[in-house]
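Pasting the structures in now, so scroll down.
Each of the two complexes below includes chain A, the first together with chain B, the second together with chain C.
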Partner chain A sequence: MTDPGPSPSPEEAAQTGTLATRLALKQRAGGIVVPIVTVIFALVMSWIIVAATQHSAHTALVVFKEIFDGSGLNWVFHPSTNTFTSISAYNLSQTLLQTTPLILTGLAVAFAFRCGMFNIGANGQYLVGLMVANWLGVDLAGLNPFLHILLCIVAGTLAAAAFAGIAGVLKATVGAHEVITTIMLNWIAYWTASWLVGVGGPLQNASDPTAPISNQVSPGARLPDFWGKQGFSGLHIGIFLSLAAVVVFWVLLNRTTLGYEVRAVGFNPDAAAYGGINVKKNLIRAMAISGAFAGLAGTLDMLGGAQNYQIGQLDIPFIQVGFIGIAVALLGRTTAVGTLIGALFFGGLLYGSFHGLGSSSVIDPTLASNLTYIVQGLVVLFIGADVLILYVWNSRKRLRRKPPGTAAKGAEAAA
Partner chain B sequence: MADDDLVLEMRGIRKEFPGVVANDDVSFEVRRGEVHALLGENGAGKSTLMNILYGLYRPDGGEIRLNGKAVSFSSAREAIQAGIGMVHQHFMLIPVMTVAENVVLGTEPRNGVLLDEAQAARRVAEMAKTFKFAVDPEALVQDISVGQQQRVEIMKALYRNADVLILDEPTAVLTPQEASDLFEILQTLQREGLSIIFISHKLNEVLEIADRITVLRRGKTIETVPRAGATEASLARAMVGRDVLLRVDKPVAQVGDVLLEVEDLHVSDDRGLEKVRGVSFDVRAGEIVGIAGVDGNGQTELIDALTGLQKIDSGKVVIGGTQLSHATAKAALDAGIGHIPEDRQRRGLVLEFSIAENIALHDYAKPPTARSGWLFPGRMVQRAKTLISEFDVRGGGPLTRAGGLSGGNQQKLVAAREIDRDPKVLIAAQPTRGLDVGAIEYLHRRLVTERDEGRAILLVSLELEEILSLSDRILVLYEGKIVGEHTGEISEEAIGLEMLGGKETAAA
Partner chain C sequence: MNTWTGRLENPLSTRLRDPGTTGALGILLGAFAAFLAIPPIEARTVTWPILVGIVAATFGVWTVTRGRRRLGWGAVAAGLLGIGLGILATRSSAANLESAFDATLVAQTLGFSTPLVFGAIGGMFSERSGVVNIGLEGMMLMGAFWGVYGADKGGTWIVGLLVAAGVGGLVALVYAFFAIHLRADQIVGGTAINFLAVGITGYFFIQLYNNNPIPNDVSLLPNLHVPGLPANPSNPHGFVDFLGQSIGDLSVLTWAALVLVFVAYLVVFKTPIGLRIRACGEHPRAADTVGINVYAIRYGCVVLSGVLAALGGIYLSEGPQGNGTFIFNMTNGRGFIALAAMIFGNWRPAGAAAAALLFGFSSALALKLQVYSSSAGTLFQILPYVLTLIAVAGVIGRTIAPAADGKPYAKQ
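Moving on to the complex of A and B:
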């Protein structure tokens, strides 16, 4: 699940067997092992919490089955494509609907990471995409549907790119840290969006002036559903755009000079500058591309069924996809395929625990909805501690040669 | 000195790491009051042996005797209690604490539960005086020079009553002046009866300070010889296992056109201090011009200005006829500059990139590596393969991470990339820093070959010997100005004097 770009293949590593290749192999192993162990740790911790609050270890196990079934991932055992007769098919379509924007916000965070930046502003960039798509989706009613959708998507994506680019420009010119600026931009997007759809706001709906809610996107601008029935929150074609974005992300990073520059700057800006790469330009560009991914998530959600083609002022505080995108990217180790898997994991967890647990009587519904956040928090916590997890993973070997810090150095000196 | 006056004996030491035997039946002994040098190339097993002695590694076989008694340490603490002190290459000091606090850390004199600071300072001051350390016990460690920090490390060991002191490549971080101060301190310690183990791969300093020299090669003891009778050539042969050309054998330079022209260059560093103050010189095709100077006299800023990495205040830089005074790094590269940077890990390489990606660092966007924005990794790998074999880079293939290579191979990789671009002007900054004899020999020969190919080579080095042996012309840089220019034979002392500002001449 790491980049198939220039990095040693296991066969070649096994052949040469130098320290360098062994290290690379170990890293590759760590690259898959760490996220898996992270998830297992987080789930075990959640299990303990549920078991403690429910006073039953068995109930706690049932909870995970309910989440799994609720996410519709059990669909693989009895596949049926009819979302009206098969509960698992319906659940799966809803999980994939949740996954669609998470893939994109995950890619957004991952792309900035590759250039050495931490984009916490995916939520704000998502909102910008959402708003622009709503505005054009409503205002340009009557346009050729294909053109209309294309225009909404392009405009929403570019607007979010420009919005994120502000953080890049500030970093490149005055050195303002992107963590601070993207958080502040989140609030700008938050309050601007709240005003836009609020009472008296320019995007407020025309029919009910007391409701702080936007107009519905015109039918011509809606993304067609291909699974489930149009208008009944079926799965829309946005997921294919998300999947395409995964491919674009990989190709951009590994097969273009732009991606080479991004990675060089991300790993070592001094060496990149020495190599003739314009570091400042790359910071701005990478931030804008990152914002474009998040903005695309917003446009797809607005034009697809997830937000029911409109947005209310009261919905805005509950939008979390940008923040979950951080967990998705970290869990996926900022690789294309990893992010995809991470998004599916969180999409399943979100839908599965809210709807699977919420509708079952196994546990207290309040705990059910909070469990998602608990697991999510634990995953982020454990990813932050992946050094610790690697340490535990290697502890058997390390116990034999003390102290741990000097072991690698010694082996290097001896090689 | 009789053989029965042995402080330390290590017999038949063996230590294996997965896939490598770091120490293979190594035997080594130290007499009371001697400076015993442990000499070997990078990776010969010197550090492993000393880490075993210091209790950091457990040997897989062999025996250690301290003052005649068999000992076995399972931690550094036990080794310290037995009277062994070690000064690592990277200091382990706390910058925000005073010298005295750092020295007593862990074994503080106490006044109830509180640190008795007065007593600590007094005892450290006494020690500094006895051994002529010239360090203020009250100063904060972050405010004192690297040389003084090293003395604090030595004092830490002495404070814990070290009887045997291990110094791991102590001169690697020191200026020549600081190194000679260190040697004086070591001689004082020696007179006080301490035994010193001096780890190094530099032949000249070993011959200067050591009473006896033990040479390790590939984890094995090759020989132990007294200083008397040892020569640089004999030691180098023992280290490398073959005859090594220490003096570069080079034909007379066939000088051509001026390829690098610098006129009245002024450059400031990042903090706005003027570091290059009116430098003018030129380098012609087919000659090596060496810039000698003590670290921090403007070398870094000069190189960065020539390569477009630092803005210049005023002056003129012309490369092969192209005006480059305010050019970007990319423009400098395109005009025909090759640059082996002084810090290959910070600047010369992206350590997480593969060898192939590092080789493409300057030309990743040009055909055949890329065409209109698309990258062709296969061609990158192909080019890397050619260069790896041409420059004998060992330790991996095109897809190996550059960070996994040894220092010498990393440097070969950088040199391969820079030379392969066919530069008109090649700037080599500290090209052999931290490398072992074999790699140094290779790089030196290569620089001469490239000179004879008709490139203009600017060599900037803090190693005076390197400057003297390679350069056709020597410029001495002192406080941002060129204070001397020499061709032909010149003594090390004369240049050394100029490097310290001893003679101001209006050269160039």
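Moving on to the complex of A and C:
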């Protein structure tokens, strides 16, 4: 086996400038090792938690089998042996329904990462898209369906882009850290949405004045379902828009001047500025594009699955989708394809734990959604600690080359 | 000139003419203009708020001409806002006003501020040592659940307090290990802590309580009764009753928060250890060179921040508002408000506490304003976030983070 060339040491990667530099270095150094090891780590840790609390290692294994079956992915892997093919197929359609917004919020976070920024506000941008789509989807009833849908999607996406752009402008003009501003914008969006659909709010539903819930979008503005029963939470065509967004993301980043500039700023803003790239413009642009992805997710969810918004809802889509996007993007190493796979993983986990354990006989079904949060947290925690994983991985290689004992010294010298 | 002795040597008149003083005075007067129209003073004419507001704006203009533009315009805005709010208040009915602005508003403001103060001071320690702590929210949530669990199983609130502090410190220790030794990205690590806390508290709440509410008889954080101040006067009237209603019956943690602010100020700015903490946050390499153990300081500060955030969290579940219950994700952004308070307070204990009070006030007011309309209060919840956004944008003064905040440090 030949050595793949001089890979930068993890310590080096951890210390070099921007987030994007770090990620790129890790990409070369770790390849797909880190994501896979991370997922295994996270699943094993959560298995330990379940095994410890249920006092049975076997039960814990069954739980994960049930999550897998509940996600409908068993339909893909064993199409012939499953006697409940239709249920599995339905589960898979629901998993893909969950995956649709996750792809987009993942892309949103990933795009900002590539420009060296941490967009922690995908949730707020998602909410902006959601509310604008609801507003136009209700108000413009009677419009030509195609035009109506197009208008809702475009308006919601642009509004979210502008909303995220605030953070970009603040970063570019006064140097306000985007993590702080996007967190604040998240909660501004959350409380504004709560006010809009709250009792007495402008977007509150007309039929029940005591319920803090918005109107349903008009039937003409709904995205048609193509898999499953029409109008019965089937899989809507939004997933194709999500997949198209993955392609757009890749082309934009890797095949256009804009993408080149964004990546250059992400790697090293000073070098980019020296090379004649307008750093400020690119920071604003990258943040707005990032927000557009998240906003698109909101419009698709509103016109497709949800159709109305309720405040204080502890439903995962409304509260967490932007945050799961962070996990998706990190797991996908901020690449287009990686994000897609990461979104599928978390989509499957979300729906699988909800459905698969929803009727479970071995574990309290209400534990299910919390298990998802735990896995999600562990994934993000370990992804952040890739230095550790790569160190173990590389020292394994080093041990093969050198007799044990000298390896540790070599690592110290390298550091 | 910035030292105490320098200020004392300065003649009073120079200090009064300083544009900083007049600007601050203008802002205070602007707030006073609005205050005039509400109980307990409750001027029912618009004259007084308008007069005071104009004086405030004048101070502002004077400050602008003396060069402190941001502060000056801030005072002008405060004056105009004071006039506007004063007019609004005199227009509304006296009964509504009295139910919205009574002594309990003060008590509630202090109550809402308590967890924020703990979180903000905790975050300040962590960030002063150079570790960004986005995970405050998660540590607070852990404190809220494990605190009430400890109080329930241990039989007394003291056990709850200890368990909360212990768990908060433990979570912070895990985070510190990832952030300091593994040099993980601190924002990513903090986000992970937030996810984990939601999952773990939700999971164990169901696991340990079988989805039933926590029993009613759990030992709660006690309230401290101030002698001589009646907490619930039968016919509230006069200053003593007002004081009694506002501060006569506050939770022990609210008072502890007050003490904490002073202690934190003394520790950070008046002791050698505080100097070391700040050195680690500003220039860890230099601190290391002079023999300060950067890792030890950072570990200590992050663990302390976890302990304090968890104590803020236990107030939510075990304090007067929580009453010994736990709700899934019950912090609901309070950790982030604490973070905002710390930033708004410019990484200083007194500033963070003042910001926490302001944010607590806006929450309390949001609750009270529901007598007017149920939706008006909701918008008030946005206030902390908007103010922080304005603060980091540098419109009213500039917030400056410690120089090495968020940067991992590798020993040579």
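Quick note on the criterion: the second predicted complex is superposed on the first by the 344 of 415 C-alpha atoms of A that agree within 3 Å, B and C clash if a C-alpha of one lies under 4 Å from a C-alpha of the other, contacts with A are read in each partner's own complex, and residues count from 1 in each chain.
Operating definition for what follows: a contact is a pair of C-beta atoms (placed from the backbone, for glycine too) under 8 Å apart; a residue touches a chain by one contact, two chains touch by 3 or more.
Note that the structure is predicted; figures quoted are calculated from it, not measured.
K.L.:
Applying the document's definition of touch, where does A:N144 land relative to chain B and chain C: first, second, both, or neither?
P.N.:
The answer is neither, since A:N144 touches no partner chain.
K.L.:
Tell me the contact category for A:I120 with respect to chain B and chain C: first, second, both or neither.
P.N.:
In the superposed model, A:I120 contacts chain C only, not chain B.
K.L.:
Considering only the touch criterion stated at the top, classify A:T256 as touching first (chain B), second (chain C), both, or neither.
P.N.:
Touch partner of A:T256: chain B, not chain C.
K.L.:
In the superposed model, does chain B or chain C contact more residues of chain A?
P.N.:
C
K.L.:
Which of the two partners, first being chain B and second being chain C, lies in contact with A:G377: first, second, both, or neither?
P.N.:
Second partner only.
K.L.:
Find the residues of chain A that appear in the contact set with chain B and again in the contact set with chain C.
P.N.:
On chain A, the residues that contact chain B in one structure and chain C in the other are 19, 22, 415.
K.L.:
Could you please specify the touching residues of chain B with respect to chain A in the complex?
P.N.:
Residues in contact with chain A: 15, 17-23, 42-43, 45-48, 51, 56-58, 74-75, 219, 307, 309, 328-330, 333, 339, 341, 346-354, 356-357, 360-362, 364-365, 370, 373-375, 377, 380-381, 395-401, 403-406.
K.L.:
Quick check: in the complex, which residue numbers of chain A touch chain C?
P.N.:
11, 14-15, 19, 22, 49, 53, 118, 120, 170, 174, 176-177, 179-181, 183-188, 190-192, 194-195, 198-201, 314, 319, 323, 326-327, 330, 364, 366-367, 369-381, 383-388, 415
K.L.:
Which residues of chain A touch chain B once you look at their complex with the stated criterion?
P.N.:
Where chain A meets chain B, its residues are 5-9, 12, 16-24, 254-261, 263-264, 267-268, 270-278, 401-403, 406-407, 409-415.
K.L.:
List the residues on chain C that touch chain A in their complex, please.
P.N.:
Chain C residues touching chain A: 132, 134, 178, 182-185, 187-189, 191-200, 202-204, 206-207, 210-211, 328-329, 333, 336-337, 339-340, 343, 373-375, 378-379, 381-382, 385-386, 388-389, 392-394, 401, 408, 410.
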